[in-house]
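Order of writing sets the chain letters: A, B, C and D. Residues in each chain are counted from 1.
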Amino acid sequence: MPTPLRAFGLNCTLKRGAAPSSTQKLLDQLLAALARHGVQGDSARLADFHVPPGVSADEGDGDQWPQLRRRVLEADIFLLATPVWVGHPSSLAQRVLERMDAFLGEIGDDGVYPTFGRVAMVAVVGNEDGAHKISADLYQGLTDFGFSVAAGSPAYWVGEAMGDVDYIDLDKTPKPLADTIRTAASNAAHLARLLKANPYPPPLG
Amino acid sequence: MPTPLRAFGLNCTLKRGAAPSSTQKLLDQLLAALARHGVQGDSARLADFHVPPGVSADEGDGDQWPQLRRRVLEADIFLLATPVWVGHPSSLAQRVLERMDAFLGEIGDDGVYPTFGRVAMVAVVGNEDGAHKISADLYQGLTDFGFSVAAGSPAYWVGEAMGDVDYIDLDKTPKPLADTIRTAASNAAHLARLLKANPYPPPLG
Amino acid sequence: MPTPLRAFGLNCTLKRGAAPSSTQKLLDQLLAALARHGVQGDSARLADFHVPPGVSADEGDGDQWPQLRRRVLEADIFLLATPVWVGHPSSLAQRVLERMDAFLGEIGDDGVYPTFGRVAMVAVVGNEDGAHKISADLYQGLTDFGFSVAAGSPAYWVGEAMGDVDYIDLDKTPKPLADTIRTAASNAAHLARLLKANPYPPPLG
Amino acid sequence: MPTPLRAFGLNCTLKRGAAPSSTQKLLDQLLAALARHGVQGDSARLADFHVPPGVSADEGDGDQWPQLRRRVLEADIFLLATPVWVGHPSSLAQRVLERMDAFLGEIGDDGVYPTFGRVAMVAVVGNEDGAHKISADLYQGLTDFGFSVAAGSPAYWVGEAMGDVDYIDLDKTPKPLADTIRTAASNAAHLARLLKANPYPPPLG
């Protein structure tokens, strides 16, 4: 029986509360796919928390990033899920990256990051165009901050150019995306399990 | 009667010669739309020319960039048309930007670029996802090199995520794209006409 | 005597209030350069306003975007100034783009955008690396929303790779940047004046 | 004693033959750092090979991509090294990605890619600005094609904004970059060794 793992997903939709979210739908599909590999996960919507602008671990004054940050660090797999806005990651996804910048200040003298050994996954949903660029932006940020990335495409869905179909309204998940979700989950679970059992050695030690 | 203008389009498809090109289809549609505004245009496929790597105006040894460069500079409107590959502008579109880098060495002491007054348009076609990022990459490069950009969306078409429909196989142009083509052409012609009659003054003069 | 113009700059630093801002320094330099071309301008810090996530013109509940939006539309030149975070525009700069998305819902049946005729400028400041990508992201968004972009490089400053020098601490503005500021201001003022006197005609009219 | 590994680096400089290359300098530093972890490596300059535009494994007619492709697949670690041009990966780096697109056609029915288990590293060198965006573009492409990415920043060097210092002319490697090279090599070797001993299981099997 494989080591149980934990996943945590942050949904960076601009919508608060229980408002239906296409991004949440894809995030939930990824969490379900991970569950089949022994990964227990949950998620939160950034818009439901008070996370002010800044690049520190705690901006004070009711800042709720610290509790989200803890959940990121307690998980073996971190899923950053964002809608496409103007072809870019949402302002809330960028907010997450800015707040994670503080990890760079916590690198040990031996070169070990607080995030080492954790695997990052990305999920992108939009009416149209932008997913490749967004996964590029997010992978670059997340690897910089010490996460590892498994092989294969991220899970994403966007409609035809200038379209307005919402992912949440699709009757069924298109086959290529369903396969992508399965592959992304399988590979992330495999990589996270390997890294948990065999942590990166101190690179400057 | 408005001043006649000239347009020149470079198709950066990876396919040579007469091979059908979705990118050419969109480029031709833009040229036709420009014609209705008194802009006479033609185009070339970069893949049909010997344009070696480099960042000079003429890399010698049979380099055919000089003749394309001349056509760029003789036109009032330059259209850079590229397919989406791996979510990025094609290697040939990037080759065009690299060769245009030489314009920066020809800026006068008064700050006037050889390209000032010319308007750049972008066209992007792919099976799926990438158009916004590609227009971002190209606008940044082309404005850096002294082109101006008119208001409104670039013309682009991409299919649904992970799709494989070719633009050339669509029976009809989707209405939002048809409108975008008309708007892009109208605004580019207007801007090019204004700048031709009223050149940028020497900014450092 | 040239037509007087107005400029409005939004500083998207993550720092609130009177905290020193390298981004503000560059924004102020651009406004001063514009003033020499008969452009009267001022600026605001997004972080000092309550601008919640969303893509509408007014998210209600004390949303202060409407007053900033009005200042954008009253100006002939809009300057979007952002620090580099994680190689990307700040979350606040992306917030501005998201809120501007509402302009697309206000395009007339004749194809005229509420922003037509306005010129966008970009300013980017960071300790290191990211300015080209950020100007790409912003130009793509701002032209999509109906702004025009004048010829030449945006004004930007970043230090050497992995550096930590702040622009605000430089004793003097490096000559290439000083020239870029002058060119950017001269060209933006010229373009804005042309477009004010000769508006884009209705492209679908 | 750790399993011996192999690395292969592709230098995507625009310069041919023995012309000094700042990108080669950084690539060589990474290969030397990998050697200290039991990774034997070598490299090639794409500009010295005839690699025509296309997205197939072999474009025929003297195409030399097949031999480079073989070296990529024989290695456990693939290093893609590129200069910054116009803020983007070089046209030759994009050519590499386009030619790797063929890997997607070789995915097995069980979802296993020909590249699975291989680790990708990125190296970026320029006079100025662009490294983050370039590593973003390359990571997105390389993970799409089945490579995995280890934790930490890629190795890169760029000078101050609008600068013209060449990396090859630096007397010594800046300390932050030297540390980055050590960390990148240590983590890539660790990850490649883990994945070689424990391959990704068939994700759709």
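Here is the rule we go by: contacts are C-beta pairs under 8 Å (C-beta built on N, C-alpha and C of every residue); 3 or more make two chains touch, one makes a residue touch a chain.
Bear in mind that the values here come from a model prediction, so they are computed numbers and not experimental data.
Any chain that touches subunit C and also touches subunit D is listed here: A, B. The most distant chain from subunit D is C, comparing centres defined as mean Cα coordinates. Inter-chain centre distance (subunit B to subunit D, centres taken as mean C-alpha positions): 30 Å. Each chain gets a centre from the mean of its Cα atoms; for subunit A and subunit B, those two points are 36 Å apart.
Centre-to-centre, using mean CA coordinates, subunit A is 25 Å away from subunit D. Shown for subunit C are the residues in touch with two or more other chains, namely 86-87, 132-133, 136-137, 140, 144. By the touch criterion stated above, subunit B contacts subunit D in their complex at residues 14, 47, 53-55, 85-92, 94-95, 97-98, 101, 137, 140-141, 144.
Here subunit D touches subunit A in the complex through residues 111, 113, 115-117, 132-133, 135-137, 139-140, 143-144, 146-154, 179, 182-183, 185-187, 190-191, 194-195, 198, 200-201, 203-204, going by the rule given at the top. Against subunit B, in their complex, subunit A makes its touches with residues 86-87, 128-133, 136, 156-163, 174, 176-177, 180.
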